[in-house]
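Note that subunit A is present in both complexes that follow, paired respectively with subunit B and with subunit C.
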Partner chain A sequence: MKKIEAIIKPHRLEDVKEALNAIGVAGMTAYEVKGYGRQKGHTEIYRGAEYTVDFRPKVKIELVVDDDAAQAVEDAIVEAARTGNIGDGKVFTYDCAAAVRIRTGERGPEAL
Partner chain B sequence: MRRYTTERQELLRAAVPGTPSARRLARLTDEMLAELAEGPAAVTLPRRTRWCLIALGGYGAGALLPESDLDLLIVSAAASSTLKPFVEVLLYPLWDAGLSVGHQVRSRREQLAAVRSDLTILTATLTGRVIAGDEDLGIRLLRECAADAASRSNAMLTQLRERRRTGSPYLLEPDLKEGAGGRRDFDELTWTAAVLTGAPQSDPSPLVSLGLLGSEEYDRLRRASDTVCSARWELQLDGAASLMTEEAAGQLRTDPEDVQRAIADTHHLLLRTRRRTAGRGLPDDAPVSPRAFFDLVGHGEGGLSELEDAAWAGRLDHLVPGMKELMTLRRPGIAHTLTVGAHSLVCATTSADILSSASQGGSGDRILAASARRVLDREVLWTAALAHDVGKAQPGPDHPRRGAGSARAAAERFGLGSERSARVGALVGHHLLLPQAASGIDLDDPHAVAEVARALEDPDLLAPLHVLTVADSRATGPGAWTPWHAALVGTLVSRLDEAFSTGAPDTAMAGPIDAARLDQLAARLAGDRAPGAHVLDVSAGPIEGTFLLHVAAVDRPGLLATFAGAIALAGLDILSARSVPAPREVAVDTFVVTSATLAPVATETWSRLERQLSAALSGRFALGVRLAERRRHYAPRVSGSPDIRIEHEGDGALLKVRAPDRVGLLHDIARAISESGLSVRSLTATSRAGWAEDTFRLRFASSNGAGALGQLAMRLREL
Partner chain C sequence: MDLKIALDTVWVLVAGMLVFFMNLGFGLVESGFTRAKNTVNIISKNFIVFAVATIAFFVVGWGLMFGDGNGFFGTQGLFMLSGADNSPAVAEAYEGVYSAISWTGVPLLAKFFFQLVFAGTAATIVSGAVAERIKYVSFIVFSFVLVAFVYPVVGHWIWGGGWLAELGFWDFAGSTVVHSTGAWAALAGVLVLGPRLGKFGKDGKARVIPGHNMTSAMTGAMVLWFGWFGFNPGSTMAADPGAISHIIVTTTFAAAAGALAATVLAWTILGKPDIGMTINGALGGLVSITAGCAFVSPGSSLIIGAIAGAIIVLGVLLLDRVKIDDPVGAIAVHGMGGIFGTLAVGLFAQDAIAPGTTGNGLLFGGGFGLLWNQLIGVAAVGAAVFGVSLVVWLAIKATIGVRVSEEEEMEGLDIGEHGNRAYPDFVVTETTF
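So, the complex of A and B:
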């Protein structure tokens, strides 16, 4: 099993959700987060005055999928989240050691 | 006991939820307890032991809900070792039957001491009722307790008035027992009646003869109490606590909006009675005037309670028809915590709090503070906040669009006039634009931002819309506005602002005037109505060699033409101009100017401008003729034919002019506008590389709009 985390621009969330639905991914968790990468924070100029915004609002999604599906999920996220502009985000994939569905006690890929 | 359990189950199964059933359950329980206490329990006591059994609290007042505690007081002076078998024989069967019992065993003297030291014990005793044993003993004790409270009535009433109440009757998930408007509020009125009469009471009816509650008010209170009782009965049967959750509300036989109305009525009647017992006057029953409304909103959160009272009493309905209905209208949505009307009032007071916090330096969201400082017209913002959700009166999506027209009509009733009312309508129509766009578009994409700017149309709406958006979200509920949302919306606002100021940095755009400056200028003018009265304020312009002028005068037709003409005659070139609808009757126009010639701008320039403004405003100066003379000496820098577009929109028109700039051009256009029977709602004008680009939003001054536009087109052809 792989755990996939992605940091994306907030307005791409719906597209990413639809893209994942389209390849049969049933669920994910989304968080409203703030952060910065190479893009750093930024300065907004509003009515002549400068305002530093240290962290940019992003959405982080997390999901765990079967090993075989991981590549397709990565691709779908990248495809749906890309705008071509700076700050499009990143996708990280990790090995996932275990999963348990609390209601039934099922373990491993069955629990996904 | 077995018979009781069976009959109780039968009652719970078949009863119609409500007060009559709660009374039947209480009577049934009385009989069971009396049998138990006077039979098997009494047998355990030595002969001639004086005792009695008293029901306290809600049960004492004669109503019992399915899950209510049996709150019991056993009164006897006997030693505890003597009483122990009695208490056990009485209580074990109750516990075995699964009833929840609260019991106290006290002598008369102990109970009197307890009610003196503990308000909760006192209030439970004020609705006490003897159900078994020595009735004289019980009745005497209950009277003594009430009389004792009456002897300290001022202190007692103060303690009752200061009782902590949680929540609001307008919460979508109200607590029907402890929350504002819930059972405890009704109880407080009963306790108040007991303290004032010095006798135990089961309801607040004595308050009517004491003149603290009108008989119509008492009827409403009883009906409200019945509704709350029905809803609580149902909630308890479903195993829920006293919280009417969204899910539980969906299952009730009682209409949740009836429940909402009942707790609102109880809440406001309690507050009114509290004011009466404190000897404080009641709020005026007359409809709230626009001025009084704005005063209350200006107090921010501090004005909320009175605003709620006014809205609930229908005293805002003449301004926003249906406001009373909105107070109990439930439109639950994600993160929504309040009914529509209550949310709207909180939105208005929150917007006032945002403005005052920004004017005091503010903290936190600095882009929001910058927007707040640029809100020119508080009354427009507050009216929009009050009316922003009127579109929710009808169900279905897109309530901002549905509500825009009603909001505008409401603003007219506030006496805001057609221009300011149009802005209220526009704010309401767009009140979801910023939050939706902030998470719906790529903020790094200038084209997407420009689309949003086009949807908003008017740059001067941005600052009030930002404040309205934040106030609306904060008023929705704790989860609806976080630093995450603030950063997203703040970024969008600054980028929209950039999109509106399309010019490159060297265009010397006149930025919008801030509210403090506007107030200052209006105050300096101090309503001076002498024909030539005006205020001219000069400061350094946005780029070197330019000056920023604010010119204020009492508003009148043709004012912009006069200002622009006098400036041109003073040898100044208008690089940009802004005219915004100002509150009240003062017009303030902003110009960025530079010398029109090689001569530097000197003190003499400003005194000449002052003189010419006074003369022109008093009509002692033929501006047109003088400008024509000047034009002969200064040729335009570029040649070309002007491009003029007029689009009819609503009760006015949009005029766009692109023309070779020349002496007095802005004056001529502004004069053509006022002479055609139109007035300028707002203006953005720039002059770049010899070309002037001016956008006017116009309003028809008379009913013949088409005629006015025809005339305007003709006059502009002569430019």
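So, the complex of A and C:
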């Protein structure tokens, strides 16, 4: 099993979700995060004073899939999340050692 | 000093202050019904619009609206309240150039303040409909033109002794003058702007873009309802005990009936009593009783409010169907509610309630005459305001532009337009457009 984490632009989440549904991914976890990479931050103003905001709002999604599905999932995320502009995000893939479905106790790929 | 003048002036000014307070109501309703990333932009628009309206109405709006002139606009005392005037003298004793409003016995500046807060209301209606995609500067420019020229000219037709007043068209506190005018201007803006990104999916279906704060929306609606106690009863422009008591009851009855009707209808159609529909139903009831609040009975006001509440629910759903993106429902509430309310005068007016004004409406044996006049007024104001506003919006689009960039719209107008954010201590990230 592989765990795939992707950090994407928030407004791409809908498209990424649709793309993953289209290739049969059954579920995922998404949360709001803040971060920065090469994009760096931007300047905001508060009552006339400027300040720099380094951390920009992003969405992080996590999902665990079968080994053979991992490549297709990576590709689908990259394609759906890409705008071509700086700050599009990154995808990371890790090995996943175990998985258990709490309700039934199933283990391994059956639990996904 | 005459006690009546003192009482009338205090009443007009207090009522004017209540109408001023409606700016807060609009700000809260509109920011509540839109997304967190655009909150600073919405409240900025709702704040500055009254400042813009104040200058615009002082410079030329008042003169165009109330100055003596022809049937279409005022020509005397045009700029900066410069015309001769001996208010609070009334009727034959009045000597001045603002004779269309010489029926009220209060000082000139009390008349000006009360009319100013109405002009500001018309402008602030536009704000919600064009929200979440309009450039800040473009909204400011349009608001100035609306209050300086568009609103006062149609206002002159009806309240300034113009051709609709001569015809026998009645709009007591502004279902048409204020609310429909704002809504027609907003509709033109919405058509020039186009819908928000992501409002209509690839399949063409309307998608929900939920507002971020229902507490704010509800607070705003209550502030508006409260402000309407100045808007309608204040339009007597005199502390006339019978009239203001009558009007405050018809006003609140229509709001109550509108809220209930919209809730029941939404519950039936959508399966749930949607608070957004309850709020807009109450506001629709208020808008629709504004024209007739002094001319119809409390019983009739319940019927008018209930019908308006139903119209608002169907109107909001219809606008989604025809791909007109109005984030807060302003076109349904102020446009459809305003049109219906104005026509309702032609149906429900009773001569006995305000003798010597409207006469009886269709349902009280007055025949079609009044209804026909109301229809002419609704159509004329609609065509004029929509047509002129469309030209103004297109001119703004061709010069300074009207819509923010796609990227800015997705990131939110708060950062893009203002460099501010409304809730800096929270992560508030939009996961759709």
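Everything that follows uses one rule, which is that the second predicted complex is superposed on the first by the 104 of 112 C-alpha atoms of A that agree within 3 Å, B and C clash if a C-alpha of one lies under 4 Å from a C-alpha of the other, contacts with A are read in each partner's own complex, and residues count from 1 in each chain.
The criterion applied here is as follows: a residue touches a chain if its C-beta (ideal position, glycine included) is under 8 Å from a C-beta of that chain, and two chains touch if they have at least 3 such contacts.
Just so we're clear, the structure is a prediction, and the values are computed from it rather than from any experiment.
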- Name the contact category of A:57: first (subunit B only), second (subunit C only), both, or neither. both
- Message: In the overlaid three-chain picture, which partner chain does A:49 touch, first (subunit B) or second (subunit C), both, or neither?
- Response: first
- Task: Quick one: classify A:102 as touching subunit B (first), subunit C (second), both or neither.
- Result: neither
- Message: With both complexes superposed on chain A, which partner does A:30 reach: first (subunit B), second (subunit C), both or neither?
- Response: second
- Query: So which positions on subunit A get touched by both subunit B and subunit C?
  - Reply: 9-11, 13, 32-34, 44-46, 57, 85
- Message: Looking at the complex, which residues from subunit B come into contact with subunit A?
- Response: 366-367, 370-371, 374, 438-445, 482-485, 487-488, 490-491, 493-495, 497-498, 511-512, 542
- Item | Interface residues, subunit A side, partner subunit B - complex | 9-11, 13, 32-34, 44-49, 51, 53, 55-57, 83, 85-87
- Message: Show me the residue ranges of subunit A that touch subunit C in the complex, using the header's touch definition.
- Response: 9-11, 13-14, 30, 32-34, 42-46, 50, 57-59, 85
- Item | Touching residues on subunit C, where the partner in the complex is subunit A | 198, 407, 410, 415, 418-421, 424, 427-433
